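Shared between the two complexes below is chain A, which pairs with chain B and chain C, respectively.
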Partner chain A sequence: MTLDRRIRVYLLEAHFQFIDVLREPLFSIPVLAFPLVFYLFFGVILNFGGTSMPMPTYLLATYGVFGILGPALFNFGAGLATERDTGVLLLKQTTPMPVGAYFSAKITTALIFGATVVSALFLIAAYTAGVALYRWQWFALAGVLLAGVVPFCTLGLAIGAWVKGRSAVAIVNLIFLPMSMLSGLWIPIYVFGDFMQNMALVLPAYHHAQLALKVIGMDSGQPILLHVIVLAGQTFIFMIVAALGFRRTGGFSIRKS
Partner chain B sequence: MENQFTGSDESVLARLSSVTHHYGSILALDGLDLEVRRGEVLGVLGPNGAGKTTAINLLLGNLRVQQGSVSVFGQDPGALQVRERRGAMLQVSGISGNLTVRENIELFSSYYPAPLAVAKLLSMAGLEDLSGRRFGKLSGGQKQRVMFALALAGDPELLFLDEPTTGLDVDARHRLWDEIRTLEVTAVLSTHNMAEVDALADRVIVIHHGRRIADGTPAEIKSHAAGRLVRCVTCTLPDEIKQLPGVIQAKVRGRHLEVQTTLPEDLVRNLLAQDEELVDLTVEAVDLENAFLSLTKESP
Partner chain C sequence: MKRTRNLIGRSLSGFGAGIVVFIGIILTLPVPSTLLSPTEDVPQGSFAVIDVTVLSSNSHLRHLNMGYVVQNGSAYPNTTF
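The block that comes next holds the complex of A and B.
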């Protein structure tokens, strides 16, 4: 395949996958609206923080993580499982489509949705919640948040490789919502007891949130390297889990007796 | 592009040689041989579970070959050069439902080096009026026509049609047949529908329990399903009526005597005369399943 044709396939695949999920209100509305509505409610309107921590600033980072996590998990986890079970993945596999185009389109779609949520959160934070950050902090925060697409997409991939299409959305929710809560994305982690805080150490969203909070100086104080190593290790594990799932189901094929 | 047909003659586009395939402990294909010759529409006929879809998926490179060999255009069936020259209509329950017909076709066309124009694909599949409609809003027959257009997107030399009209009503089925018939392309058509191979295929192989049990023209295969099937509970033995005019075959299945005959009235008169105790008499058309069973019996 020539390079320009390859680029064209990658672009078109991403373009159409994006349009496909954008037109799916059950995907696009929750994924876009939930983080924004939650942030407005808990971060701006309620603003229950004490004097030590400006709550709108703190929650900007954690709802940013929430906003990246949703599209990555749903688009990869539920999307992949559904497309495998309907057989469309198998059909695409019989065409000359490069497999990489499919996955890069999924990542791109998650990235665009995530970037949209993050931009909207930033606007709300800056103009309605009065969040003031240095310019470098805005950029660094955006960068750290978007980088979360990598571990979260691989987590989605691992789920999507194992679950059935019909139960995928439910299973993704079972991971998405508790993990968001327990990682301190909705309510600051320091509100929880020690036990809960220690439990959070196994959750990728916790480490990602700590990195985002580090940018604004509100993290729990663990070293950056710890978070990065845990996230990298988990990403690696998710890829292995995904590979095992694909192997079990025979690549993209529908499970058939 | 260069054609390398290694160890086979030019006219064979695809080949399965002594292919055996298991899913766990279930035997799906049992030493199957199959050749697809240039220019023909090869029907692969068999009841559900016979191994048709397994054979197609091996030819598409979707399954790893366990035993035997598989080649398409003389190459590995999953090779990029093979995928570029081949199209497939699989048993897929849906593609991107939120994309329009045209968008889905555009996307698949982009995968191929020399695709047909989108407008041409729309017209070949009779989808001009539906091009702006979302795939998810189409009827079953319309969806199958989209799948047909996707299979043709790369202007294939070899087309795979796996149960293309399953689940369609009669009108939709005939419409798709008409569209398939206008193509001049080598094709492999798998189906459990005798009428479908009769309408489309030049040559048919019949698969049962993963083995090839017959090979011929549709007319030859159809002759196996000729006449009527007479069943009854009687003390008359198959051998006593095998010589009667019109009887194609007779056998005992469970408590019943089963006789396939072209002259059912003569046979019934004869059976009743021989055994006054005869009960549970039925006369029905010979369906393909029964024809397959008779073929199975004939094979060594």
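The block that comes next holds the complex of A and C.
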């Protein structure tokens, strides 16, 4: 396959997957609305300290991570499992489409949804909670948040490779909600006891949130390199888990052309 | 073939427009200097002078901890209640 044709296939697959997800309101509405509603509630309405308190700024970073986590986990985890069970994945494998087009389309879709959530969160934080950051901080925060799509998509991939379509949403929720809570995405991590704070150290969402908080100078003080290494290591482990899952179910044969 | 090309063109232009809107939104967000300039909220004229040496002894503990009694500049545990 020539490079020109390959790029076309990648673009078309991304286009159709995005349209497919957009036309599924049971996916798109909760994924877009949950972080915004939660931020409005915890960051704006329950902002007991007034706009001078750093709480809305802190929660902007953590709810940004929450907003990225949702589309990545559900689109990959639940989406992949459902497509495998309904035979869509098998149908795609009968076409000459490279397997990379399927994955890059899913990542692009998660990225578009994530960018939509992040920009809406930024607007709410700036104009209702009075959050003001330096220009470089707004851009850096957006960049760090969107970069989180990669580790979370691989986590979703690992889940989708192992679970069945009917149980996928439940399993993803079972990981998504406790991980969000324990990583300090809903309420600040320092509210929890020592045991729960230590437990957060193994969660990818915690390390991503710490990187986002580092941009606004509100992290817990661990080095950036630690968070990056942990996230990279976990991404690698998730990919191995996903590969093992595909080998078990025979879900994907890697096509090189 | 032409239809596919149009579809790709529309996708690419939509994606490009999305990036432009995203960057545009970030550019409209407030920065600290636009909210409060250094000269704002600074009263003109006389200023109150605060004696900071009042905090140099343990006398401030009187307001902080009900379990202490301050005598002669030193704090002792309050055993009277």
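Everything that follows uses one rule, which is that the second predicted complex is superposed on the first by the 245 of 257 C-alpha atoms of A that agree within 3 Å, B and C clash if a C-alpha of one lies under 4 Å from a C-alpha of the other, contacts with A are read in each partner's own complex, and residues count from 1 in each chain.
The definition used in the following text is that contacts are C-beta pairs under 8 Å (C-beta built on N, C-alpha and C of every residue); 3 or more make two chains touch, one makes a residue touch a chain.
Owing to the predicted nature of the structure, the values given are computational and were not obtained by experimental measurement.
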| item | value |
| --- | --- |
| Contacts of A:L123 with chain B and chain C, given as first, second, both or neither | second |
| Contacts of A:A142 with chain B and chain C, given as first, second, both or neither | second |
| First, second, both or neither for A:L12, with chain B first and chain C second | both |
| First, second, both or neither for A:Y134, with chain B first and chain C second | second |
| Touched partner set for A:M97, first chain B, second chain C, both or neither | first |
| Partner chain in contact with A:V88 - chain B first, chain C second, else both or neither | first |
| First, second, both or neither for A:V202, with chain B first and chain C second | neither |
| Chain A: partner with more touched residues, chain B or chain C | B |
| Chain B versus chain C as contact partner of A:I112, first or second or both or neither | second |
| Which of chain B and chain C A:E24 touches, first, second, both or neither | first |
| Residues of chain A at both interfaces, chain B in one complex, chain C in the other | 8, 12 |
| Touching residues (chain side chain A, partner chain B) in the complex | 1, 5, 8-9, 12-13, 16-17, 19-21, 23-24, 85-88, 90-97, 250-253, 256-257 |
| Contact set on chain C toward chain A in their complex | 4, 7-8, 11-12, 18, 21-22, 25-27, 29-32, 34-35 |
| Residue ranges of chain A in contact with chain C within the complex | 8, 11-12, 14-15, 112, 115, 119, 122-123, 126, 130-135, 138-139, 142 |
| Interfacial residue positions of chain B with respect to chain A in the complex | 23-24, 26, 53, 57, 60-64, 80, 83-84, 86, 88, 90-99, 103-104, 106-108, 110-113, 134, 150, 153-154, 160 |
